[in-house]
Structures are given as C-alpha cells and as structure tokens.
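Take a look at the structures listed below.
Both complexes shown next keep chain A, but they swap its partner, so chain B is in the first and chain C is in the second.
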Partner chain A sequence: MSDASHEQIAQAETLKNAKTLVVNDLVKHFPAGRSGFGVKANKQWVKAVDGVSFDIAPGETLGLVGESGCGKSTIAKLILRLEDPTSGSIKFEGREITDLKGDQLKDYRRSVQAVFQDPYSSLSPRMRVHDIVAEGLRIHTDYSKSDVRTRVNDVLALAGLSPDVGRLYPHEFSGGQRQRIAIAKALVLDTKMLILDEAVSALDVSIRAQIITLLKDLQQDLGIAYLYIGHDLATVGHLSDRVMVMYLGRVLELDDSIELVRNPKHPYTEALFAAALPSNPDHIGDTSEQPNAEVPTALAPPTGCHFHPRCQQSMEHCSTHFPQEVKLTGGRRISCHLYPGD
Partner chain B sequence: MNVPDSNNSTKMPRKASRKGALEEASSGEIRNANKDSRSKVRAFLDFVKQLPVGSTLILGILVFFAICAPLLAPHDPIRPVEGIYTYTPAAWKDGGSWAQWLGTDFLGRDVWSRIIYGARVSVIVGLTGTAAAGAIGMVMGVVAGYFGGWVDAFIMRVVDAWLAIPTLVLAILLSMTLGASMWNIVLILGVVYWTRYARILRGEVLTLRERDFVKLAEVAGAGRIRIITRHIIPNVFNTWMVLASLTVGVVIVAEASLSFLGVGVPAPQPAWGSMLNDARAQLLTGRWWLMAAPAVAIGLTVLGANLFGDWLRVKLDPQQRNL
Partner chain C sequence: MTREILKVKDLATHYTGFGGSRVVKAVDEVSFSLEEGQTIGIVGESGCGKTTLCLSLVRLLAPGAQIVGGSIELNGRDILKLSQKEMVEVRGKEIAMILQDPMTSLNPVINIETQVGEAAFKHRGLRSSTLRERVRQLLEAVRIPSPDVRMQEFPHQMSGGMRQRIAGAVALSGEPGIIIADEPTTSLDVTIQAQYLDLLRRLQKDTGVGLIFVTHDLGIVAKMCDDVIVMYAGKTVEKGSVREIFNNPNHPYTSALIRSVPKLGSKDPLYRIEGQPPDLSNLPQGCSFASRCAIADDHCFEHEPPLIEVGPRRLAACWKIEENAASKEQA
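== the complex of A and B ==
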C-alpha cells in the first residue's frame, strides 16, 4: 500500500474517532440573592454546573439523568450558547465554541439544534408551520421560495407529517404533532447534534413511544448525535447509548446504558432505579433504598459528597471529602468513596 | 357589562362554526380553492355578525361623515351662510325650514355642516394620534422588555417621570412650543400617551422572552431584529390592538380639550372642541343648542370608541378584563 492510502486511512480513522462534542470541566455559577443599586451585599452563587466533563461521538446518544435542579438544562443552555459558562470548555467538532461571536456563532448554530420539553411553548402561535420550519433556511441560506418549500416538505415528511400541515397554525395540532413540527424545525439545516431537553416528558405515553421511535429512526438515517436529557430512567435508558447521572451540578456515574441499567453502582443511581415504578405493580421492589430526604438546595450544597445526607451507605469521610472520580475496569466513571479506585 | 347583548347572542353559533372549521382542517383534508374562498366569505359574514351593534353603528356613521363630508354638508363650514345671521335653528322659527336645523354660530356658519366636517378632525386625530402613541409605545416597550438591563431601567424611569406630569398640561406646553396645527396635535398626543403602551407591552415582552420559541429562534441563529419583528411583535399585537382601541376615546377627548382651549386645531378649520369654545359666550345668552351639538357629537364618539374597545378586549383576550 502506498503512503497516500495509509494517510487516507489514518485520516478516516481520526474522523471516525473524532467526537462531535467534547465538554471539559464545565462550570456555570449563577448569582443569587439581592443586588440592588450596585450594592451587592453577601452575594451568593448557585453552582448549577460544577466541573462536568463528557463527550458525544457522531451518531451517538448520551443520556443525561438527574432530579430537577441538578443542572441538566443548564448544560443544554451552555451547549446551545443561550448562557455563557463561568469556566471550562465546550468543543464542537474540535472547535472551541464558548467564545464564538457574530458570524462564527451563527455558523455554529447551523449544526446544533434543540427540541424542548413543552410543545405548546416551543412553536410561535402567530406563525404558520411552514414559516416555523423554514426559519432556519431563511436565516442561513438564500434558497428560492420553491427550494425552501421543497426542503420544508422533505423535513416534514422525515418527521412523519404531510406537506399540507405547512399552512396551518400550531394551535391546530396535538402535543405529539407539535413535537414532530419541532423536530422538523430542528432538522431543516445540516444538523449534526440535537439537544433533546426532556423532549418527550410532556407527552402521553403512547405518543412518547412514537416520538422516541421517530428519533431513533432519524438518528440511524442521518447520523446525528443526541444529547438526551430526562428524568425518566426507562426512556433515557432505552434511547441512549451511554447514560450520565448528575446530582447537584456534578457527574456521579457514567457508563454504557445497558451496563448502567443492569448494574448501577453509585448509591444515587441505585436509588434512582429503585424509585422508578416497574411496569408491573406486583414487582415493586425494595423501597428501603429510596433517598431519605428532599434534594438539598444548590445554593448551599452539603459538604463533601453532595449526596451523603441522603445516602444509605454514607461513611464518615463522605461528609468532609468530595470523592475523586475514578475509572473502573470496563470504562465506567464513578464518583463515590465506595469505589476508591486503584 | 358594557358589552351589548348582541355579542352574547351571536357567541354560540360563531364558536361552533369555528370549531367545525378546525376539525375539518386537522383531519388533513385538502380543501379546494372554491371551498376556500366560500369559507372566507362565510368567515367575513360571521365576523360582521358578531360586531357590537351600537358602537359599530356610531363609529360607522362617524367615519362615513368624515369621508363624505363635502357631499353631506349642506353649507361651506368656514363661510357664513349667505343672507343669514341668526343663532336660532331655522326649524324653530315661524314658517322655518330644515335648511340650518342646528342653527348658525356667531359668525353665521351652519353648525350642522361644521359638525360633519368636525368629524374629520376627530377621526384623523383620533386614529393617527393613537397610532403615533402606539408606535412610540411599542418601540419603547419592546426595547425595554427585550433588552432588559439598564436600557429597561432607563426607559421605565422615563415612563414613571412621564406619568407624573399631568397629560393636558404637557400637551398644552408642547402645543404652544411647536405651534398649533392638526399634525402637530397628532405628534403631541403621540408623545403624551405612549407610556401606557410601553408599560403593558414591556410586561408582555418580559414573559414572551422566556418562552421556548424565542429561545429556539436564537438557537436557530436568528438575530435580534428578526426575533423582535418575527417573534415578539406578532405576539404582542393583540394587546397592542386592545390598548389602541381603548386609547382612541382618550385621544379624541384630548384633542377636543386642546381645541377648546385654543391650542388645538387652529381656526377656521372646524373641530368639535373649538366649536364648544365658540359657543361658550352664547351659552350665557341662553343659546344652549350651539354648545349641545358638538358636546353630543364628542360624547357619542367617545362612547362608541370605548364600547368598541371593551368588546375588542373581551374578544381578543378574556383574561385582560382588568387592563
């Protein structure tokens, strides 16, 4: 084989290994408390995201679970550049995006789109479906009217909608159909990554299954990377290749979804699984692993391991030292004193 | 409460027909063009049927007067009626006629003709003054609400200061500085009344800005101008319309007040406010009808405008009854 072909193979290899998204030590602190007329007395900070690292490969789905207030949606907003991080880096296809501005930011927005939880809030009530879906094209391309129409009809078809819906208004659709419109809108440009922030949480169970199937099919056809955010373990586990468990702004556990579901190791993950309702009510398992208190506020998180006040297996030094993240054999990342690492 | 009965009686069938259209549309049936145009006619008829009778009639007549004034007025409104110099309505005199049925003013001009021409001033100033206030208020409210921060704080403090100034005093001051003309009055009324729009629209924009579709527009790469014009303004337009319809009456009264005080529409152009002022001296001598005619005209117009505004408010958004 010639050198050139070797080079090509090497290039292809790096492309294959290249991650769509690499997040490294991401931190977002929100100011809290009163600040009026420039007098910023005893300013407090909510550590919404506190040193989170993960990556997503092309065509992969990373599930992100945690209770409300754990920073899931803040991560989505940071990746979407709706908020600016306090520190840390987000690299999209190798390019740092946290400091993009102007045209570069606009260019980034071509490739990363989002579908949000509430389908009643995510579509402008005064725009026709065609215009809602076509907006991305009108911003980023100079397509002619008929090109726009063709493309919009194509993505509507991808999302399982007929082209006729284009001239209707959002209020004429059900929640599931609205979510399909939102998905079509997110796919209209050359989308490479989709942030699904509780994208099916607001839907009926039967429609939820349809939308999940649609999302899986789309990913297979288009090779889009998903960041799927949810609190419903069954859905997240079903849709994701890997699952990341977050608690009060920090990652507690991350592994392949099958592995994680089969064998949760962190007490918090175990508790989350124990709290989920089984499909058969007779199979309700041991409820003793339920966390024993409310989620502490992110304004004043517990010392040491944030989870220790609710943890069944908490030890003495859990309340004083935050556990370092370790990598177990098999690649699982976990932060817990029960797994001190090597 | 202020809404005429006609509204209630037509509410039910209208709702039913709209629901029918919705089901038809959502069933995915492709309607052909013929059916489409017929349903448009039907929609228009439905719309006309549900209009409040009283206020629509008053405003309709007013606009009709304003547009067709030269055809309707029996006499030139700014010249004395030839050969007549009398205050008493002709019909009241022995062997009188209906020729000048509201009498003539102190210069011998036909009051009825001046009322008809005066409708022009009220309609033009009422609508454009409201639109001017609405335009300023829309820009200020949307900018304050969307950009927030010190821009918001600054604009809202200006609004607070503005609201502390008595509106009529400010209007008189501006009118005397700028000089009285009809278009100056429009401008002045716009500058005086924009604050009510700015306050309420700012609040609307604050909630809209947090809605997901605005965030998604940003994620899609839409710039600020696009978000404001495509996503914010269309969604505050209903509120704007309601505010405008409720401001028309206020603006008409304000114009009449300025004209009454002699700093409004300059003589000899007929305006109801200045007619009131002209008739003031005659009231002392017992010729009350000269004052009654423009007073009734102003009262009816404002009543019509307010009733229409109330109806529109309830129709567009029942939750804003306490606006």
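== the complex of A and C ==
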C-alpha cells in the first residue's frame, strides 16, 4: 500500500473519532442589576451557565436534563450563537465558533439547526410550508427554483410529509405535522447538528411516539448529532445515548443514559429519577425522600455545592466547598463530595 | 361501602356551529360514578372531549356548547336541572376545579388571602379572624412557607409550583366533596410535580375528597388513580381499575397508548399509532378508531361497537374483544 493511502486511512480515522461539538468550560453570566433613571445599582449577575464542558460525537444524542432555571436553554442559545458566552470555548468540527463573524458565522449556521417546543408559535403563520422550508436554501444557496423545489420535496418526504403540503399554511396542520414541518426546515441545508429544545413535549402521546421514532430514524440515516433538552426523563433517556444532569448552571453528573437511570449516583440525579412518574401502577416508586424545597434562585445560589440545602446526604463541607468533578471507572463524570477524587 | 358522591349517566355535550348545520359531539354518552375518597382518571389525547367533560360537570361550558342528554347526579341531586344561579351555590362547595395553567387561573390583582378565602367566605360563612385562620391552614396544608406573609402577596410573587399549590388551596377552600384536576401538573418540573401529586394524595387521605384527574399523561394515572376511563373521539372506549387497564388492556387503543410511551431505562422501540385522531364534526361510520387500529376489519369500519361489560367493573367498546378472549381461552 502506498503512503498516500495510509495517510487517507489515518485521516478517515481521525475524522471518525472527531467530535461534532466540543464545549469547554463554558460560562454565561447575565447582568441582573436594577438600574434606571440614571441611577446605577450594584450590579448582580445571574450565573446561568457556570463552567460547563461536554462533547457530542456525530450520530450521537446527548440528553440534557434539569429543573427550570438550570441553564439548559442558555446552553442551546450559546451553541446557536444567539447569545455570546462570557468565557469558555465551543468548538464545532474542530473550529472555534464563539468568535465567528459575518460570512463565517453565516456559514456555521448552515450546519447547526434547532427544533423548538411549540410548533404553534415557531412557524410563521403567513408563509406557505414550501416557503418556510425553503427559507434556508434562499439565504444560503443559489439554487434555481426547480432545484429548491426538489430539495424541499425531498426533506418533506424525509420528515414523512407528502410534497403537496407545500402549498398549505401552518394553521392547516395538527401539532404533530407542524413539528414535522419544523424538522424538515431544520434539515433542508447540510445539517450536522440539531438542537431539540423540548421538541416533543407539547405533542400528544401517540403523536409523540411518531416524532421520536422519526428523529431516531433520521439520525441513523443522516448521522446528525443531537442535543436533546427535556424535562420528561423517560423521553430523554429513550432518545439519548448519554445524559447530562445540570443544576443551577453546573453539570452534576454525566453518563450513558441506561447506566445513569439504572444506577444514579449523585443525590440530585437520584431524586430526579425518583420523582419521575411510573410507567405502570405496580411500579410506584417511593417519593417520600423528595427534596422538599424549590430550586433556589440563580441570582444568589447557595455557597459550596449548589444542591446542598436540598440534599438528604449533605455533609459539613458541602456548604463551603464546591465538589471537584471526578471521573469514575466506566467513564461517569460526577461532582459530589460523596465521590472524592483519588 | 363508601358513599357514591357523583353519578354521571349517558352525558352528551355537543358544540353546534353554522346555524346548527355542524355538530361536534365532544362528549358522547359518557357514564361513570365516583365514590368518596376515590380517584378516577380520564385519559385521552387532545380533542377527545376530556376537558369538555370536566366543564360539563361544573356547568361552565362555553357558549355554543350544550349538554343535550344524560344526567349528572351530585350527592343525589341532578345538577342539570339547576339554574345557573343555583349552580353558584354548588360550585366550590360541592365540586371544585383546579385548572391547567396556574399562571392564568389566579387573579393577578387580588391578593392570595382573598382568593383562597373566597369560597370559605361564601359557602362556609367564615368571617374575619376565623376566615384568616382558615386561609392560613389551607396554605399550610399545601405547604406554602410562612403563610402569614405569603397571604398578603400577589400571584406574580410566587413560583410556578407555589401558584399551582395555591390553586389547589383555592379548590379546597369551600370544602368540596369532589375536586376536578384538569392536567394540573403539565407545566411543572418533575420534582415539583411529584411533590404536588403526593400533596393531593395526602389531602385526599385527610379529607376524603373524591378526585377526578384529567390528563394525557399515563404516568400520572398510574401513580394516582384507582379507576380509569379511556376516551377516544368523545366516547368511552375502555373503563376499569388502573391495574387491570395497564396490565391487561382490552381495547387496542388503550394498549397502543401504553406501548407508545417511553419507559425510564429502556430503549425498546416505541409502538406507533399511525395517523391522526378523527375530526369530531365529521366522524367516520363504524368504530372511530378503526382507521388507526392494527386489528380492524371490514365489520369495524361499518358498525360502531357498543360499550359492553367484559369483566367485573370492566367495560370496553371493541368488536374484537370476544375474538381476543376466545383466542386467549383456546391458547
């Protein structure tokens, strides 16, 4: 074999191992100081995302769970570059995207798309389905009219819709079909990563199963990376390869989804899964050990480990020191004083 | 035997539009009964008529909707014969409702004390310090921290979970025998949802209130309910105890619904019910689920199956049950 082909193989290997997205020590603080009428109050900061690192491989789904206000949606916005991070890095296919501008940013947006929770408000009511789906092509390509039509019909078919729906307006569709339109719109360019922010939460049970299956099939065929954000643990677990648990801007635990559900180690993960609804009346879990307080405000998070006031197993130094993240055997990442590093 | 507090018989609620040329049969001959301290779940997808059924029970239907048949006996009295003026005496006192959205169901310009105390003031005749004491008890019962301070505050000062609990306190205020909860936890986080459901359970144990849970979430049904009614296109398709329904569903829609929900810690492919629920103003002939049913045959498309008894306290509407049962027996 020649050297050139060896090189090609090596290149292919690195490409295969290459992560689609690598996020490192990402931080986003929002100002929350009260100011007005020329009076500046002391500036306060909401630490929405506070040192978060993770990666997603091509064709992989990372699930992101946590209660309201834990920073899930802020992470989505940072990756989509709808917000600029305070510090940290986001690398997409090896390229730093936090400082992209102009044409380069436009180029980046071809490959990262999002599908949102509410298909009733995320589609323009005054555009026909064809135009909604074709919008990305109009902005990013110089396809001819017939090329656009072919591509739009192709992605509509991918999303399980027939080409004749292109003439119709969103109000003529049910929730499940609208979500299919949103998915078609997200796939129309050469999408490499999809951010699914509660993408199936608003749908009815039978329709939800249809969309979940569609998303899984599409991922298998197209090798797209998914970041799935959700609060329904069963759905997140079902869709994801790995699940990341967040609390007040920080990652508490991350592991393979089945492993994490079967054997949660962090007391917060445990409480979260214990609170999940049973799938059968014979399996009603014991929910008596619930953290009873609500999530503290992100404006003034508790000192030390943010979870300690609600934690059943909290110890003395939990309130003073934030636990360092450690990697357990098997690859689980956890940050809790119950699992100190070596 | 416990006392039967609500008996709904052949209730039918229709929406009429376009001068009566279009009739939507949102609730079509639904019957059930509720005993003291019992929890009944009404499950179904959007547009199956479950919310219309609830609103019929408290007679708060939108204009255009009309109860066209059947009876609702509340504590032995048919409330369909009462005038709206008499209904005011019933609502909050005998039957109360917790609405879906805690953000919009509380009045933003009235403080918590007045809102929670309203039914106790009106129906139980409590005044001044006794009334305040009652409000304090109610807020404590729904675990609102420092109730004396909180009762002077307004809904916007509360978190979503607290607002939902206050909506619960409002419903409890007139000491009703029945509380209808229409998707009470859809907007809450899982931990807050678990707390709220446990709270409702405990309150039920303490007060013996009958609960009607209206939801599309089978998990809530599995956790909370004694009996379940599965609705499809305005009709009851299956009815029975929660264990029976989950472990041995008779109707293909029920079993498909259960198999289409992701289970925690499992990645088995989900069962998909193809197609959409039918248009209620233009129902197909025959069984309304036939076009989405895996085992339907010509007979199903032509004739509507009656709701028949298939076991003790167990009803289902499907032509295939006998066949299923026969094949089970043979096997």
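Everything that follows uses one rule, which is that the second predicted complex is superposed on the first by the 336 of 342 C-alpha atoms of A that agree within 3 Å, B and C clash if a C-alpha of one lies under 4 Å from a C-alpha of the other, contacts with A are read in each partner's own complex, and residues count from 1 in each chain.
Throughout what follows, a residue touches a chain if its C-beta (ideal position, glycine included) is under 8 Å from a C-beta of that chain, and two chains touch if they have at least 3 such contacts.
Owing to the predicted nature of the structure, the values given are computational and were not obtained by experimental measurement.
Superposition of the two structures on chain A shows chain C fitting alongside chain B with no clash. In the superposition on chain A, A:R110 makes contact with chain B only, not with chain C.
Which of chain B and chain C touches more residues of chain A is settled by the count: it is C. Within the superposed three-chain model, A:I212 lies in touch with chain C and out of touch with chain B [touch as defined at top].
Of the two partner chains placed by the overlay, neither chain B nor chain C lies in contact with A:S319.
Of the two partner chains, neither chain B nor chain C is touched by A:S89. Once the two complexes are overlaid on the shared chain, A:A276 sits against chain C while remaining clear of chain B.
Looking at the shared chain after the overlay, A:D118 reaches chain B, while chain C stays out of its contact range. Seen from the CA centre of chain A, chain B and chain C lie at an angle of 70° in the overlaid model, rounded to the nearest 10. By the touch criterion stated above, A:T141 is placed in contact with neither chain B nor chain C. Once the two complexes are overlaid on the shared chain, A:N24 sits clear of chain B and of chain C alike. Following the chain A superposition, chain B and chain C show a smallest Cα-Cα distance of 5 angstrom. Interface of chain A with chain B (complex): residues 80, 82, 106, 109-110, 112-114, 116-118, 121-127, 135-136, 139-140, 162, 164-165, 168, 172-173, 182, 185.
Taken together, the chain A residues at the contact with chain C in this complex read 67-68, 174-177, 204-210, 212-213, 231-235, 237-239, 257-258, 261-262, 271-284, 287-288, 290-292, 294-295. Contact residues on chain C toward chain A in their complex (touch as defined above): 45-46, 143, 159-162, 189-195, 198, 216-220, 222-223, 242-243, 246-247, 256-257, 260-267, 269-274, 276-277, 292.
By the touch criterion given at the top, residues 22, 25-26, 28, 30, 211-213, 215-223, 226, 230-231, 234-235, 237 of chain B touch chain A in their complex.
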